[in-house]
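The data blocks that follow each hold one structure.
What follows is chain A paired twice: with chain B in the first complex and chain C in the second.
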Partner chain A sequence: MTENTQAVEKQSAITLASIARIFLGIFGHFIVKRFLFFIFVVWLASTVIFIIPRLSGQDPVKEKLLLEAQRGGAMQTGLDAMAKTYQKKFGLDQPMSTQYFNFMKDLARLDLGVSIAFYPRTVNDIVFESLAWTLGLMGTVTILAFILGTLAGAVLGWPRRPGWVQYVFMPLLTLAAIPQYLLAMILIFVFAFQLGWLPLFGGYSVATVPVFTFEFIVDVLQHAILPAFAILFSVVGFWAIGMRGMMINTQGEDYMIQADAKGLKGSRIFMRYALRNALLPQVTGLALVLGTIVTGQVLVERVFSYPGIGDILFQAIRLSDFFVIRGIVIVIIFGIAGATFLLDILYPLLDPRIKVRSS
Partner chain B sequence: MSTEQSIQTYRDGARITDVDALVVDGLSVYYETEGGTVKACDGVTFTLKQGERFALVGESGSGKTTLAMALMRLTRPPGHIAKGSVTLHGRDITSLDDKEMRQARLAEIALVPQGAMNSLNPIMRIGKQIIDGVIDHLKDDEPTPTKDELDEMVHDLLTRVGLRPGVARLWPHELSGGMKQRVAMAIGISLRPKLIIADEPTSALDVVVQRQIMQTLGRLQEGLDASIMLVGHDMGLVAQFADTIGVMYAGKLVEVGPVEEVFSNPKHPYTKLLIGSLPSLQEKREFLGIPGLPPLLVDLPLGCAFADRCPSRFDKCETAIPEKLNIGGRRDVACHLYEDEVQS
Partner chain C sequence: MAELVTSPEPMDTEINGGFRQFNTERIQPIKRYAYRNPSLIWGFGLMIFLLLFVGIGHLVWDTEQFHPLSTPTRLAPTLSHDMVKGGELTGEVRAFPFGTDTAGRDLLAVAILGTPLTLRIGIIAGFVSIALGTIAAFMAAYYRGWVDGAIRSVVDVGLAMPGLLILILIRINIGRELSTDEMGFALGLVGWVFPARTIRAQVLVMREQAYVELSRLSGTSGMGIIFKEMLPNLIPYITASLVGSVAGAILASIGLEAIGLGNFSAPTLGMTIFFNIQFSSITLGMWWWWLPPLVAIVIVFLGLFLISSGLDEWSNPRLRKRV
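Here is the complex of A and B:
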C-alpha cells in the first residue's frame, strides 16, 4: 500500500517536474515572455483607465441628457428617470466590481461597448473607421518622414558631404520648430484658399460616395496632401536632427578611424559603418512614434476636419463620451504596447549585442 | 633581467636591410584652435629601414599618435599637416591624391589599432570586417573573388594570427580583448603591407596576453618582411621588441637611436630621466618621476620645450630651440649639450 502510494507520488512528481520544465521552456522563451509582458501592460493600463473616469464624479449619461435638454429646451421633467434608464442600459447602475468584470470580459473579446454621444453606434465601429483614416495618413507620413529625415540627417552629419547639402537641408530643419497646426493653417491659406489647388477640409469630398473607385481614390489622395505635408515638414526635421547628432557621435568612434585606416571606399564607410550604427537609436524612436500614431494628430486633423481618430477623440472629449474616450485610449495602449513588443522582437536582428537569452 | 637577452628571445630572424622604407622629413602637424596653433607634432625627422622595428615612446600628449595618424594621412580637422614630407618606399605620400592615398592605406601602410577597445564595427561579423578592406582594394580590372576564395583568405588570416577560423562568424562583442587585438592584426596584414603602424597594440591587455600579442606581431612582421612602427609608452615592452627607439617630447623627436644604446647610454636629459624612472627588479628604491609638467603645445617656450624641467639646462636652452644632431652612428639627439661635442 505504502509502496504503491510512494510509486504514485514519485510518478506524479516526475510528471509535475516535466510539466514544469516544459512550462518553463516555453515561458522562458524570449518572445513568449515579451508577449506576456505586453498583455500585462494592456491589462494594467485598461484598469487605470477604468478607474480614473470614475474618480471624476461626472455622470456621462446626465451630461449627455443635460446637453440635449439645453439644446432642445424641453424634457426637463423626466430627466432623473431617463438617466436611471440609460444608466441601466449602459450597466452603470451595477456595483463597481461587476462593472469592472464586465469591462474586462468585453475587452477580452475586443468589444469596446456602445457610444453614448453617437448612440447607437458601437465604439468599435467608430474607432476602427476613424483609425483607418488616421493610419492611412499618419502611417504613410510617419514612415516617409522617417526615411527622408534619417537620410537628410545622415548626410548632414557626414563630414565629407558636398557643400551644397547644408544649404538645402538646413532650412528644412528649421521647419521642425514651427507648430504643426500653424503650418497646417498656412498651407490651407496658401494652397486651398488663395490658390485653390487643393480641397479645404475633410477626408473626401462631401458629394462623393465612399466606394473604391479610381475617382474616389484620387479624391482621397487630394484631400490627404495638405495634412500630410503639414505633418511631414515638421517631423522630417525631428528625425534629421536626431540622426545628424548620432552621425556626429559615430564619427568619434574608434571603428570609424579604423575604417579610414583600412582604406575603405567612402560609400562603404558611410553606409555600413556610420549610418548603420547611427540608425539604431532612430529605430527605437520610430517604434515608439509608430505606437503613438494611433492617437492621430488631434490638432492637424481638427484644422483640416480630417475624419481621423484625433478628430473623433476631440469630439468625444467635448461630449464626455466616456466609452469612446476609453475605446480610443485602449487602442493607443494597444498601439504603444504592440510597437514596443515588435521592437523587442526586431531589435536583436538589428543589433547583435542585444541577445535573445532564453533562461 | 638584462635587456640584451630578452631582445634576443624576440629577435631571432632579424633582417634589417639597408633599404629606406619610410623617410619622414620635418613633418609638422598643427591643430588650429581658437586659443592658437597647437603644434602637436613639430619638425619630426627620422628614417625607418626595411625590416626594422621602430618604437616611438613618450608620455601622453607628446604627439605619438598624432604622428602615427599623420603618416597615414588620417589627421582630422582642425588638424592638418603643415610642413614636411613622408616618403614611403620612394613615394611621397603627402602629394598623393585622396584616391591614391586610400589605395595606399592597408595595402602599403597598415594600422593595427588598440583592438581591445572598440576599433571593430560592433554590428558586423569579424569575417566581413576582414574582407571588406580586401574588396575595396581590388584593382578595376581585377575580378571579385568568389565566396570560397574569400572564406579561405579569412581562414588563413585568422590562423596566422593564432585564432580558430570559426571566429569569422562571431560578432566583436563575443571576443575577448586579446582576440580582438588578434583580429585587428589579421586585418592589418590582409594585404601584405610593407609598413605596419601598431598604435599601443597591447594597452588594456594583461601582461601574459601582451607578450603573446607582441610575439605574434613580431612573427607576422618577419613573415611579411615588413617594417614596423610601434607606438607606446611601455618602456619594458619597447626594450624587448624594438630595434630602434624614438623619444618624443612636446611634439618633437628629442632622441633616436638603437634601443640597446639608448637604454644603456641615454643622451637627452629627458631620456635619461625617463629611463631612470623605470622600476628595477634588482633593487628596491623610491619611484623616480620627472618634476614638473610638459608645456602647453599651444604656448611653447621660446627655447627648448624641456628646459623648465631639465636638470642640465644653461642659458642657451631658454633662447634657442635645439636642432637635431647626429652624435655618431644612428644616434640623433636634439639637445644643446652636445653641440660642442659634434663640432669638435
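Here is the complex of A and C:
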C-alpha cells in the first residue's frame, strides 16, 4: 500500500518536473519565440498608432466634423450621433491610461471603429470588403513572382547557362528599378488605351452585377491581368537579382566542389546543391520586402481604381476619414506581421539547421 | 615623383610631367576600373544627363510657368502656338515643347523644377536615415548587451511596419501639407531601420577582424576604434546603402504624393503623377502629360540602381567574382 502511494507520489513528482520542463522548453522553442515576437510587433505598432494622433496635438476627427457641420452637407443628420460615438471611442476627456486601455480592448476585439465619411458603416465592414480584392490579386502575384523570379535568378547565376539567357533576362531585371505604379501606367496606356485589349480601370465592369457567374469571373480576371502584371514585372526583377547573387555565392562553396568531384549531373548539382542552398535567403527576403510589396500594390490599385484596399485608402485620405485610414494601416501592419510569423514557422522546413539551433 | 622634386625643370615640362604623372596615377586606374564596373559609369551617366537637362533648362527656359493657369490648357507639344486672348489672336507665338496640362501649367517648366525637387527630397531623407542608421548600428554593435537588444527589437518592429503607412498616419494627424524638405526629413526618420540593420551586421563582422583586435590590444579607445579603424573601412558600404536609401525615399515620397498627401504647390515628379491619375490623363490621351515625369522617374531609379550595384561591387569584394 505505502509502496504504491510512494510510487504514485514519485510518479507525480516526475510528471510535475517534466511538465515544468516542457513548459520551459515551449518558451525556449523557436516557434513560440517567433509568436511572442509577433505579439510584440502587434503591440508596439498599436501603441505607435495610438500615440501618433495624441502627439500632434491636433484632432483630425473633430476638425473633420466641424468642417462638415459648417458645410451643412448631406452628412448633417448623422452628425450628433457621430459626435457621440466618436467621443465614446476616442474618450478624450478620460485619462490617457483609460484611453489606451479602451483602444487596446477595441483592437483585441478587432473593432476598428466607425467611418466618418460613410457613417454609420463600420471600418471593419469597409476594409474587409476590399480586402478580398487585394488579397486575391496580391497572393497570386506574389507567389507567381517568387517562383518566376527565383528561377530566372537561379539560371542567371549559373555559370553553365546558355548564352542567350543573359540577353533575355537582363532587360527584365532592370524593370525591378521601375516603381510598380509607373509600370502600371505604361501598361494601361499600351494595352488598355492604345490596343484596347483589356479594360482601363476597375475590378469588374461597371454594368455587371457582382454575382458568381462564369461571365463575372472572366470579367474579374480580365480586369486583374494588367494590375497583376504591373506588380509581377517589378517583383520578378527583385527576386531574380537576389537569387542571382546567392547563386554566385554558392559557386565557391566546398559542397559544390564535392558535388562536381563526385561527377554528378549538372542538372542535379543545379537543383539539389546550388538552388536549394541559395533559396534560403530568398525566403527571408520575402519577409523583408512584404511591406514594400503591399505599399506598392496600394499605389497600383490607386492607378487602376482597383476596388482593393489601396483605392479605399485613397478615398479615405481624400475625405479625411481618419478611422478608415487608421483601420487600413492597422490591418496592413497586422497582416504583414502575421505573414512574417508564418514564414518564420515555415523556414525550419527549408533549413534543418534552425531545428538544431533551437534544441 | 623623385624626378620632380630633385631636378628643377622649366615650367612647361613640369606641368607636362605633372599631368602625365596624374594621368598614370589617377586617371588610368579610374579608366581601368570603369571598364570593369560599367554599371557605375552608366548610373553616373544617367544622373549627369538628368542634371544637365535640369541645369540647362534653368538657364534657358522660363520656369515661372509651372504655376497653374499660366498657359493655355491641354496643349499637345508644339513649337509654335498662336496665343489667344479674349477669343482673338494676340500675334504672340510661343513654344511649348512638352505641352501643357489641364490646369494650364507649362510641362517643360514642371519637369525642370520637379526633377531636382524630387531628388532633393530623396537626398535629405537618405542622409538623415543613413546618419541615424549608422549611429544606431554602431551603438548596437559596440555596446552590445541591452542596448543592442533594444535597438534590434526597434529595428525588427520597424521593418515589419511599412514606413509609408506610418507617414500617412502622421501626415493625416498634422493636418497640413508638408513642405518638400519636411517630407524629406520625415522619410528619413522612418527610413533608418533598414540601414541600421545592415550596417550593424557589417560592424559585427568587422569587430572580429584582426586589425580591429590589434588596435584594441594596442590600447586604442572605443571611440578611436570606431572613428579610425571601422568607419573608414565602412565608407564604401555606407555609400552604397546611402544610394539605396535615397532611392527608397524617392519611391516612398512619390507614393505619398500619388496617394494625395504631397505638397500641392510643389511641382515634384510625384505631384505630377498625382495630377495625372487624378485627371485621368491616360484616358484623355494626353501622353505628353504623363510621359516626362515617368521618363524622369525611370531615369532616376535606373541611375540610382546602377550606381548602387556598381558601388556594391566596389564595397563587397565577394561580388567581384562575377559570372
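Simple rule for what comes next: the second predicted complex is superposed on the first by the 278 of 359 C-alpha atoms of A that agree within 3 Å, B and C clash if a C-alpha of one lies under 4 Å from a C-alpha of the other, contacts with A are read in each partner's own complex, and residues count from 1 in each chain.
One rule holds for everything that comes next: a residue touches a chain if its C-beta (ideal position, glycine included) is under 8 Å from a C-beta of that chain, and two chains touch if they have at least 3 such contacts.
These numbers come from a predicted model, not from an experiment.
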item: Partner chain(s) touched by A:Leu264 [first = chain B, second = chain C, both, neither]; value: first
item: Contacts of A:Ile345 with chain B and chain C, given as first, second, both or neither; value: neither
item: First (chain B), second (chain C), both or neither touched by A:Val298; value: second
item: First (chain B), second (chain C), both or neither touched by A:Tyr273; value: first
item: Chain touching more of chain A, residue-wise (chain B, chain C); value: C
item: Touched partner set for A:Ala176, first chain B, second chain C, both or neither; value: second
item: Touching both chain C and chain B, counted on chain A across the two superposed complexes; value: 159
item: Residues of chain A defined as touching chain C within the complex; value: 37, 40-41, 44-45, 48-49, 52-53, 55-56, 58, 60, 63, 156-159, 174, 176-179, 181-182, 185-186, 188-189, 193, 200, 245, 248-249, 251-252, 288, 291-292, 294-296, 298-299, 302-303, 310, 313-314, 317-318, 320, 322, 325-326, 328-329, 332-333, 336-337, 340
item: Residues of chain B defined as touching chain A within the complex; value: 69, 72, 74, 77, 102-107, 110-111, 113-114, 117-124, 132-133, 136-137, 171, 173, 184, 187
item: Complex contacts: residues of chain A adjacent to chain B; value: 159, 253-255, 257-265, 268, 272-273, 276-277, 280, 350-353
item: Chain A-touching residues of chain C, taken from the complex the two chains share; value: 153, 156-157, 159-162, 164-166, 168-170, 172-175, 251-252, 254-255, 258-261, 273, 276-277, 282-283, 285, 287, 290, 294, 297-298, 301-302, 304-305, 318-319, 321-323
